[in-house]
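Pasting the structures in now, so scroll down.
Paired with chain B in one complex and with chain C in the other, chain A is shared by the two complexes that follow.
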Partner chain A sequence: MVIPSSTNVGNPSPVGDFPARDQRAISNCQSVAVGDLLPPTERRTDQQRPAAYNPASMAIIEIENLTKTYRVYQKREGLKAAIAGLFHREHREVYAVRGINLQVEQGEFVAFLGPNGAGKTTTLKLLSGVIYPTSGSARVMGFVPWERDNEYRRRFALVMGQKNQLWWDLPAQESFRLHQQIYRIPPTEFTRRLDELSDLLQVRPLLGRPVRELSLGERMKMELIAALLHSPEVLFLDEPTIGLDVVAQHNIQQFLKFYQQERRITILLTSHYMKDVAALCKRVVVITDGRIHFDGSLDQIIDSFSGNRIVRLQLAEGQTADGLSMLAEVESVELPRVTLRCARSDVTRVLARILERYQIVDISIEDPPLEEIIAKLFQDAPAGRNDVAEVEVGR
Partner chain B sequence: MIAWTVRTLPQRASTWWTIYRIALEERMAYRGDFALGTLMRFLPIVTQIFLWWAIFDAAAAATGKSHLAGYSFHDMVAYYLLSMLGRAFSSMPGLASTVARQIREGEIKKYLVQPIDMIGFMLLARMAHKSAYYAIACGPFALVFYLCGDYFPAWPTVEVGLAFLLSLVFAFLLGFFLDLCIGLIGFWFLEVSSLLFIYMLLNFFLSGHMFPLDLLPVGWRGAVDYLPFRYLAYFPAAIYLGKVPSSQLWQELGVEALWLVGMIFIARYLYARGVRRYSGYGG
Partner chain C sequence: MDDKNASQHPNYVQVFLTFARNSLVRDMMFRTNFIIEAISSLSWALMNVGFYWIVFEHTPSIGADTGWGKYEFFIFMATTWIINSIVQAFFMPNSEEFSEMIRTGGLDFVLLKPIDTQFLVSLRKVHWSSLSNFLLGMGLLVLSINELQDRPTAPWKLTPSIVGLYAVYCACGVAILYSLMTCLASTSVWLGRNQTLYDFWFYITNFSRYPMEIYRRGWGIVLWVVFTFIVPVLLVVNVPARILAQPLADNTSWRWPLAMFTIFAAIISVLISRWVFQRSLLAYRSASS
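Take a look at the complex of A and B:
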């Protein structure tokens, strides 16, 4: 560690899986305000921000009626149609995002949930300025993302789980060097942040190894370091744990949780893994078919979209499951264990009856698995995939 | 604006140097394959020299002339080697296809999200590639020029020498921006390989790589003079061999500089429009 101990003023907070020395490292960085990390000439003042942004009264991310349609070539089957397609093409407008309104406050960790093609990634791309919207507006830290102001680009980061931003044939530390230059990170800060991040993610011995020789999990950690070296205030994560094994997923979750809590940065995450979401995000935005279908906490989702409870019983020896199906829906029977499902309002009544009639060794009541609730939520959403505006355009 | 440029110059120069250095290291990652590939490119020199020898022999037997369009056999060998040198600066293997692939596969997002300019980045990376190439190719080049030393005219004057060096630098930049533009067309057509093929074909015949442009019939020659290809191989060789009258030397270089500025503008325009289109349609 090159961090001088004299800067250690923060309280070491208990942090999940990280070794004590790393906790110290983090508490060090906690004591340094983001503005202090920059040389005087680069220190951000409110005058430098676009006039419209006032952190006290405005959300860090403000999205209004954001809509994005894609024009796709409608290909028909057969050779004849293919030849006709050379001269006259039919196009359809397909909605990726239709009229999203959303406000995210500074320091929130928000998850976007939704089936494939729901518009999650499109929304992140819009907020990163990679694509222009068809209509509507968005502001991140007061910047209009698709104007791609260099100042804005220095203050956020986008990590895509399926895209590699590092130089494939070179050690990750070379890519980090380049980031130091293009994000203009002062050398001492660069060293400090790199030490801190590589210790936290436990990849220090791997910094000198060519990226192509790293495992998927190790590579993802390097991608995260590359994205965080310039201390972005807003971070967009598009499926950061895709394809990773359980241990690697867990490590990355722990890291993100810790880093976000320490730095109070704003993170928007899309993921298909409920465990990511349950572990990280207090707020969940469910997007289906380009619209926001739900915006609230995970608990609220469970309360509003799952009317059922799962009751697990362990029957005493010699007992059978006969008659249980009269009381509640039987999910599985593997004696002596029986799993039942009943409406939430029925739980007490059902339990009373069971205790009356059966000898029970153990009993537990749970919510149905999160995956199941979310799948139901996706299904219940209005299926609007087909009501696209059909437009014929010759080219 | 000027004050800003001066103030941020050290910072930017340091960024440029880092990009250059890292791109150079990347080249070194596959040094074996790279060195072999570079050396193999010298093999055609031998066959080409034999080909011209046979052509001059046959021409002498049929017509009794020892010169073709003002070139003796020795002149021709000297021209050929010098045009090879020009091509070592102006040819951009893999540039257009890399740019088109980055557009197709969405790698271009990197340049939109990070505070970095794609064209500048590509130019620095290409300078690094070229440096690595010269480091390996300078040996064989020196050997070939030494062996054929007698075929060359006397050393050029300082003025001609300077013009020659400048024409090589311009050839590099012009070659870069021409190839880049082909790659940037990838914003509109996802596949640019057939377009690239046509470009390479034109380049091959009209740059003077295949034969000196003086061999072309007068009408053709006039047309070729109005195209930028001739600056990629013919022009540097012609300067060195004294085929460009000194009264026209700087004027010709000026015209080349205009072509260069034009191509930079076109590349910038294509990039700006292309990003706009890419952003509007997908990504």
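Take a look at the complex of A and C:
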């Protein structure tokens, strides 16, 4: 089977012949009512740490007005300015995250989408307790992440696609053994989980090979094993498929999907690959410039942000594309194939006209590529880059 | 949840042993590198012995009436190696890496682990080849002790309590150096980059390599005060070496106050390093990926 291009993950029309794998991914997205996914309105006002996390009445992740700013040194060009900078430095506050509110229920698989520098990774780092927020609050399973409670740290994991935590020169299994001791995983449990995970990810023969000799995809699988050995209840994934080829990406997607469904753990994922998001996440949170711009299902994004549909025609032999441009915007003509774009509301009318006037072998109607919709969504987000607070501080 | 042992703390000794084992496995993987490292540090140490051997051809002791003769001083030097090799084997590579982890954001993973962060940062790696100097120091110690057995003036004695005190004060010395190193490495959080760690380390510890008597003349008294009471590196080698070498049979009046103060300084240093380390974690900003 031909692996579909990464752009075609929109809604297939009944007419089209979409690859089976995509159908599955998409039906997964559609099966959830939008209303279920939207976060409930603010319901907790107390700032007290709950005595115990009660899964029945609380969201597993609760974020309120979370803000993180960084103070950065404003460099100026030139030697003179550089020397002046030794004595007097200008700093400015840069917002990485500006007032995020979010609730995630136990068992959800949520994607964070957003352009580079939007604050996705910062949010994950705040939730992991790696950095402290400037203001606002967050609770994961009832814990305040940046208090770095050992009990909390035993119950979640963070995987970063761009960084590795395994000992570079040693086989991955040595790092795993270290994890076993740090997390105090009983030996029988450890063996069982390691067997299970390495079978699922098909890396059992590689466990004894030094990590530096593994391919990027294999290494990522090892990172996932390291993160899952202690059975975390909450998993943060920061671009887990970055730089991987389609096959490796697909493997990791399938694994994550299976694992999440099996264990009902809660996962927050950031990724730039729409395939990851379409295959895995029912709920999508779009973050641009440190703010949540959209929170809902993937379908909802398509509905709200794409006014257009793509119509693909296969004309009968001898037919030309003449006159089609009068009916809709012509994207491309490679006879006998023609691609048109028209407004969603016009689709029925346009199709009727086409069927009247042309002999058609095949028709499919799709949403524009998800990337395109998301890119538009990112662009439409209110630009906030300019309202950084200028603060001058001598040093 | 299937994790019944979730509330248990990790066994720190076992974790450390695994670190040590993993480091050894890694060192053995690059065995030539390991041997070259060991040889280069051994030859540096041997050149030092050679140098002081020549010095003692010119003079019977360091300073007049200090009691630091040739073999007393060799005990001092052996103590320097023993303490430094322990620091270099267990803490130096980790401090350097800590500094680097702050810059690159690698500290993220350390902060995720349900274990004391300072422990994890301080003992992750063991630089086994540095322990070659430990063995050499032991050798020099045995040789010097043998020579001192029949010291004509001020008879030299070796009792189990002296050996015990020597070990305790070597540990104090290691603790002081470790604390200083941790404080220096932690500054990387505020400085963004701290590549002078090694240099600065060398400058400071340089003062610890000689008997403190040499600072007690002229303006050296300022150095003596600073490096005894403020940055107590002078205590590191001097106190244990003095216990074992017993220059002038060691009947000086300040001997016990100094010994008490060293224990105090070691404890305070560790506490300060812990405080600075925690402060640095508060200020850690990670690196964007």
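The rule we apply is simple: the second predicted complex is superposed on the first by the 344 of 395 C-alpha atoms of A that agree within 3 Å, B and C clash if a C-alpha of one lies under 4 Å from a C-alpha of the other, contacts with A are read in each partner's own complex, and residues count from 1 in each chain.
Just so we're on the same page, contacts are C-beta pairs under 8 Å (C-beta built on N, C-alpha and C of every residue); 3 or more make two chains touch, one makes a residue touch a chain.
All figures in this text were calculated on a predicted structure; none of them were measured in a lab.
**Q** Evaluate whether chain B and chain C can sit on chain A together after superposition, giving fit or clash.
**A** clash
**Q** Could you say whether A:L377 touches chain B, chain C, both of them, or neither, answering first, second, both or neither?
**A** neither
**Q** Check whether A:E233 is in contact with chain B, with chain C, with both or with neither, and answer first, second, both or neither.
**A** The answer is second: A:E233 touches chain C but not chain B.
**Q** Who does A:R148 touch here: chain B (first), chain C (second), both, or neither?
**A** A:R148 sits against chain B and chain C alike.
**Q** Between chain B (first) and chain C (second), which, if any, makes contact with A:L113: first, second, both or neither?
**A** Touch partners of A:L113: none, neither chain B nor chain C.
**Q** Please tell me which partner, chain B or chain C, touches more residues of chain A.
**A** C
**Q** On chain A, which stretch or stretches are contacted by chain B in one complex as well as by chain C in the other?
**A** In the superposed arrangement, which is not itself an observed complex, chain A uses residues 70, 125, 128-132, 148, 150, 153-154, 157-158, 160, 163, 165, 167, 169-170, 174, 177-178, 181-184, 210 for both chain B and chain C.
**Q** Spell out the residues on chain A that touch chain C in their complex, using ranges where they run on.
**A** Checking each residue of chain A against chain C gives 70, 117, 121-122, 125, 128-132, 148, 150-151, 153-155, 157-158, 160-163, 165, 167, 169-170, 174, 177-178, 181-186, 189, 210, 230-231, 233, 238-239.
**Q** Where on chain C is chain A touching in the complex?
**A** Of all residues in chain C, those touching chain A are 1-11, 14-15, 18-19, 22, 25-26, 29-30, 105-109, 111-115, 117, 120, 282, 284-286, 288-289.
**Q** Within their complex, state which residues of chain A touch chain B.
**A** Within the complex, chain A contacts chain B at residues 70-71, 125, 128-132, 146, 148, 150, 153-154, 157-158, 160, 163, 165, 167, 169-170, 174-175, 177-178, 180-184, 210.
**Q** Within the complex, which stretch of chain B touches chain A?
**A** Residue list for chain B touching chain A: 11, 14-15, 18-19, 22, 25-26, 29-30, 106-107, 109-110, 112-116, 276, 278-283.
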